[in-house]
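Beneath this line is the structure, given in structure tokens, with notes to follow.
To keep things simple, chains are lettered A, B, C and D as they appear, and every chain counts its residues starting from 1.
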Amino acid sequence: MPVRVMSYDTINPGDTRDFAVKLAQLEPSRISRLALLVKTEGNSDLNDFSREYALLAAEQTIRAHGGDSLLARSTFLFSTGCEGAMTPFGYLFADYDDPAATVPAGGKSLAMGCARSRSLTSEEIGTPAHAEITAATVRAAMANAGVSVDDVELVIVKTPVTTHIPAAAGKVNKRIPSSYSKAVASLGAGMELGEVDAAKIVQEVFDKDHAVHAKRVMSFSGSELDCVEIMLLANRTNQPGDLVVKTGFLTDLIDAPGYRNILRTCGCQLDEEGRAVDPDKIVAMMAKVGVSPDGKLRGKRTTMKTSHLDMDKHARATTSGVIGSILGSCRVFISANTVHQAPPGGGLCAAIVKIT
Amino acid sequence: MPVRVMSYDTINPGDTRDFAVKLAQLEPSRISRLALLVKTEGNSDLNDFSREYALLAAEQTIRAHGGDSLLARSTFLFSTGCEGAMTPFGYLFADYDDPAATVPAGGKSLAMGCARSRSLTSEEIGTPAHAEITAATVRAAMANAGVSVDDVELVIVKTPVTTHIPAAAGKVNKRIPSSYSKAVASLGAGMELGEVDAAKIVQEVFDKDHAVHAKRVMSFSGSELDCVEIMLLANRTNQPGDLVVKTGFLTDLIDAPGYRNILRTCGCQLDEEGRAVDPDKIVAMMAKVGVSPDGKLRGKRTTMKTSHLDMDKHARATTSGVIGSILGSCRVFISANTVHQAPPGGGLCAAIVKIT
Amino acid sequence: MPVRVMSYDTINPGDTRDFAVKLAQLEPSRISRLALLVKTEGNSDLNDFSREYALLAAEQTIRAHGGDSLLARSTFLFSTGCEGAMTPFGYLFADYDDPAATVPAGGKSLAMGCARSRSLTSEEIGTPAHAEITAATVRAAMANAGVSVDDVELVIVKTPVTTHIPAAAGKVNKRIPSSYSKAVASLGAGMELGEVDAAKIVQEVFDKDHAVHAKRVMSFSGSELDCVEIMLLANRTNQPGDLVVKTGFLTDLIDAPGYRNILRTCGCQLDEEGRAVDPDKIVAMMAKVGVSPDGKLRGKRTTMKTSHLDMDKHARATTSGVIGSILGSCRVFISANTVHQAPPGGGLCAAIVKIT
Amino acid sequence: MPVRVMSYDTINPGDTRDFAVKLAQLEPSRISRLALLVKTEGNSDLNDFSREYALLAAEQTIRAHGGDSLLARSTFLFSTGCEGAMTPFGYLFADYDDPAATVPAGGKSLAMGCARSRSLTSEEIGTPAHAEITAATVRAAMANAGVSVDDVELVIVKTPVTTHIPAAAGKVNKRIPSSYSKAVASLGAGMELGEVDAAKIVQEVFDKDHAVHAKRVMSFSGSELDCVEIMLLANRTNQPGDLVVKTGFLTDLIDAPGYRNILRTCGCQLDEEGRAVDPDKIVAMMAKVGVSPDGKLRGKRTTMKTSHLDMDKHARATTSGVIGSILGSCRVFISANTVHQAPPGGGLCAAIVKIT
């Protein structure tokens, strides 16, 4: 089944008008799976509830379009933080039954797979078991997409920071830091993809030995879930559709050539200023960027780790300038924190492009 | 007299160790004028005193090197806000008596001129008189530099937001907004440069008719001064030295070609990724960038005018990514707010480059 | 019909579990009117959407309890900002058909009235017409409550900052500042209560002549509404119930005796430390506090108007300490900005107390 | 030698005009020791340099008054954070040779003692050795003041978070969190005062077993020092002067009776509203307040630990309201974080009052 990728704008986190317009183009019964990848605005601090607000509003819209059954076939990744020149917006992915879609000349096109683990116990969270469960869920998502490890371009992981199981009397449920949960899940996903040695799935490596990292994984944590959720993008053989996805590395925050290489790999042309010649062909771009441990960039001091603003805000805003000057648009999905997803200070980016 | 341009790093706003090292390379008696152009870190809000701290520390260092007389020959422009990947640092400009310096082949090289107006009265501030005084001070700075209007590339204006003259009994001195003071001063400076029609120096235009703007002016306001100060950069005929300065426009926040054009005008080469081939030749880069009145960028909504962070922070951070991906360094002077200094949403940038 | 006043806790802005528990105690068919007065947490800046999130969640809960018809009988006042030691929570007011309720000995008890104006046009907003409409809506709310001006203790006004009517081609709807909208509405409500001279309902007074003010009005602005909404609290003759409401003035932010006077007026006893002896009798407390125009408190400089935090945050946090040390609880409704609702720098507070 | 205590106002952190006026009242040769206890404004986050700025300005003023030798006899404790209604200001303490001073009737009055440890090595910092050094420095300060443990009312500790000794090649100096440094130092000082069992000076207790705490210690950390500094206040027998100091506990953030008890102990009268009858007799008040580990206050949720603002800001602002409503002034020294200085969630306060 071909994957449709659309994008929609928002006036505020609770605004679903454009989302509803785009959703209306898809007949509910023909949507076998829906996935939303959304950047919401808000202060992106502890008391930012824009993500939860956006989710509640999106669920209402999906229910209005296809009832509880469509909602049950939906996966959500809402990420806060639209600093710099970023545009708050959403990507809508749908496995859509379109008999007219054909397999492209190259024989491969975009496929999507989703999977969800069982609930983690308070004891498991943040441990090697957490990583193993992530690996198993990636495996399930690959099966769901009908692809093998070599086909996979991007594994988007949602990982819990706490469990929702009522705590035992007199006890408080363990809550691990967001960064730590991403660390464990990234290593688990990387192991399944053959990028991380199974021997590294130990407490001593988690959020410590940052040289160990996955290569096609972006991890996000959520306090609202108690399980691991995977949304996987791959290029599948004999898949009908007109899209292809490619992922590549970024050496640091201002690695413009890194982004350009990814676009070239997808078949995009760049002009003599290094800008995409046909940006409309790029239907989605997802970047995850990091700050080096010493807070420096190319040997020079920055204030990213020593200001009143969290370093992720500096990183996202800076990246909006880098990508914006290549695409001519800051309406792309930019997120920060690449613990065990890239070498320290580095990042990764995936692009989904139309095959001409 | 040739102009020396050096740069120095800081560990915090009060750190002057590297500044002292650079200053030590100049013999006090041969410095006819010293000017500092510095980016300080801090929260860049009302209660950010990092600029005053940095100034106090710099004054101590200058006094230690050349006494009160060197301090009297010094001009300061400290600007807060190092968001994104920017490096806090300073540029040191000196008119330096160097008999070995020769006039370059092209016949022109960098010259500097400085001037200061008398104190403004509380009645004058924010009025056409304020603009006229700015114009006259620009004229004085041109005379000081020994250049004509056509030679001028950049006029850096420091303009007051209040007067320091004791208020009359029962009265409070007028205080105008920072943006308004920059507006008035920018128009005044632009008039002197022949870029702004004298008929536009009226209250109805100030911070209202944003289509009217100067072309080679960057304005900064300061609550610590009650007069207008000018630091002017130009290319003077028969000026000994090995530097040249050029200024150009930016259409918007992600106008990377705009920056590249300025570099090309200065004789810099760019590689196939649009990066400076020899960044060490660029001894200084000063950018001033703006956000469009509707807060959009290339037709897309941003949160720059609707977040808890002032739009200038978003703008500076974004620009650090744009420039950083061209120069391979974010150790450049980036400031925001271009009211009457560029078309709405646009900006300007000056580069000082070594003549090979 | 007696007024029931309950309060409920929240775990986050979207949490309605305790609200649902309290609502379940009321039979939908016997609720003739429901009103929520809620403090939501969030950053309380431009990109704080916690209020909208809380509202969406509360609406779902009301609909689940009593359908769209109960929702149509509901009024909402959600206010952000829980700085200091404040507890995020909500008050639930209900006109509830309770045949067992009797008229208390004094003959008067708490009554509630609500009213909503027609939509304001873009031309009317911020003008004397806006104030007149507010006055008329207060009149309607008094009629709704069955009370006269002398019975009224508190008028809670919700006032628009913009209209939602589609703007004409090429035009943008007028948007006035939040403080200005509160100013206009407060004067209008005060006029209806006989506290503000009708001659003061002119543009020259709005948010300028702060000596003019209402005495029993708290105003809140909302970007989500295009009309004026009133929720009015009064003590009505022959009203069954066991609650009484009283409002009083505060001279400044630390006027603890002002709060104590209000409590004494309501019949509360205070101990030798000035604390409420029986805080459980105080079923609701609503304070609105202001910062003096020069930012000083009792002649001493504060940073309330010169810090990176909005002065309202400083004011609310300080007030949580003042009230908390009297009640032994910071679970009270504290809001800031008293433009035309109290003398400059002053405030007002209403308490609802059980008649023993 | 009697202790003089004066206070001075500031217009901004670098303003020393009122400080200079107060200092001018003391003849340099008669000052045997000077100590400043100052609240500076600023954002109180990582990039707040207002404290360093204020210190640099104060040092210049002291040098201008009494040269480097007076500066060498000076001790500084600058603390940032003036949230709520607090007034930024400073207390000036001086051991001053005043032959006219007499021993008061009670036989005891305020004495001051100061001491400084050797530099800590990178290995010692944060360990039991750090606590032992703090204890020894308290001992030295008692000797300096000429008092015994029973006389001591307040020990103000300044404790390092890092060492300034150049790190070995390829190494970074250890930096411990501010809270941890305060924890270790508080336990060390408490041990010397007989309040903390020596068996508790172990890594397992540091910032973990919060039931263990000192009773007359306020700790502050500073990144600018590599040693422990003590400023100690006591009531000494046969000490000439007219001031007395007393310290007491606060059970939580809104414990107004706690503050009143301390004032009563000092001989202050309170009116029927619980306010100080003669606030001018209170020459100094220093409070240190904490937030309970679960972030609740009297069983109710607050947002102090779950907002975008650090909990210390909420705590200080709340306290300004509590103290302000007792003293009628918010020009007092309020600081937060009471790790091992009070029971969890509690605080302590010292008052210096004139003996009538």
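What to note about this one:
The definition used in the following text is that a contact is a pair of C-beta atoms (placed from the backbone, for glycine too) under 8 Å apart; a residue touches a chain by one contact, two chains touch by 3 or more.
Bear in mind the structure is a predicted one, so any value in this text is a computation, not a measurement.
Excluding subunit B while holding all other chains in their positions yields a single touching group, one piece. Of the pairs listed in C-D, A-C or B-C, the one whose interface repeats that of A-B, with over half of its contact pairs matching by residue number, is C-D.
Work out the mean CA point of subunit C and of subunit D, and you get 40 Å between them. Subunit A and subunit D have Cα centroids lying 48 Å from one another. Our note on geometry: subunit B versus subunit D, Cα centroid distance of 43 Å, whole angstroms.
Residue positions 41, 43, 45, 47-48, 303, 306-308 of subunit A each touch two or more of the other chains. Touching subunit A in their complex are the following residues of subunit C: 12-14, 41-43, 45, 47-50, 52-53, 56-57. Taken in their complex, subunit C has these residues touching subunit B: 43, 45-48, 303, 306-308. Subunit C meets subunit D in the complex at residues 9, 11, 41, 43, 82-88, 253-257, 260, 272-275, 297-298, 300-304, 306-309, 313-314, 317-326, 328-331.
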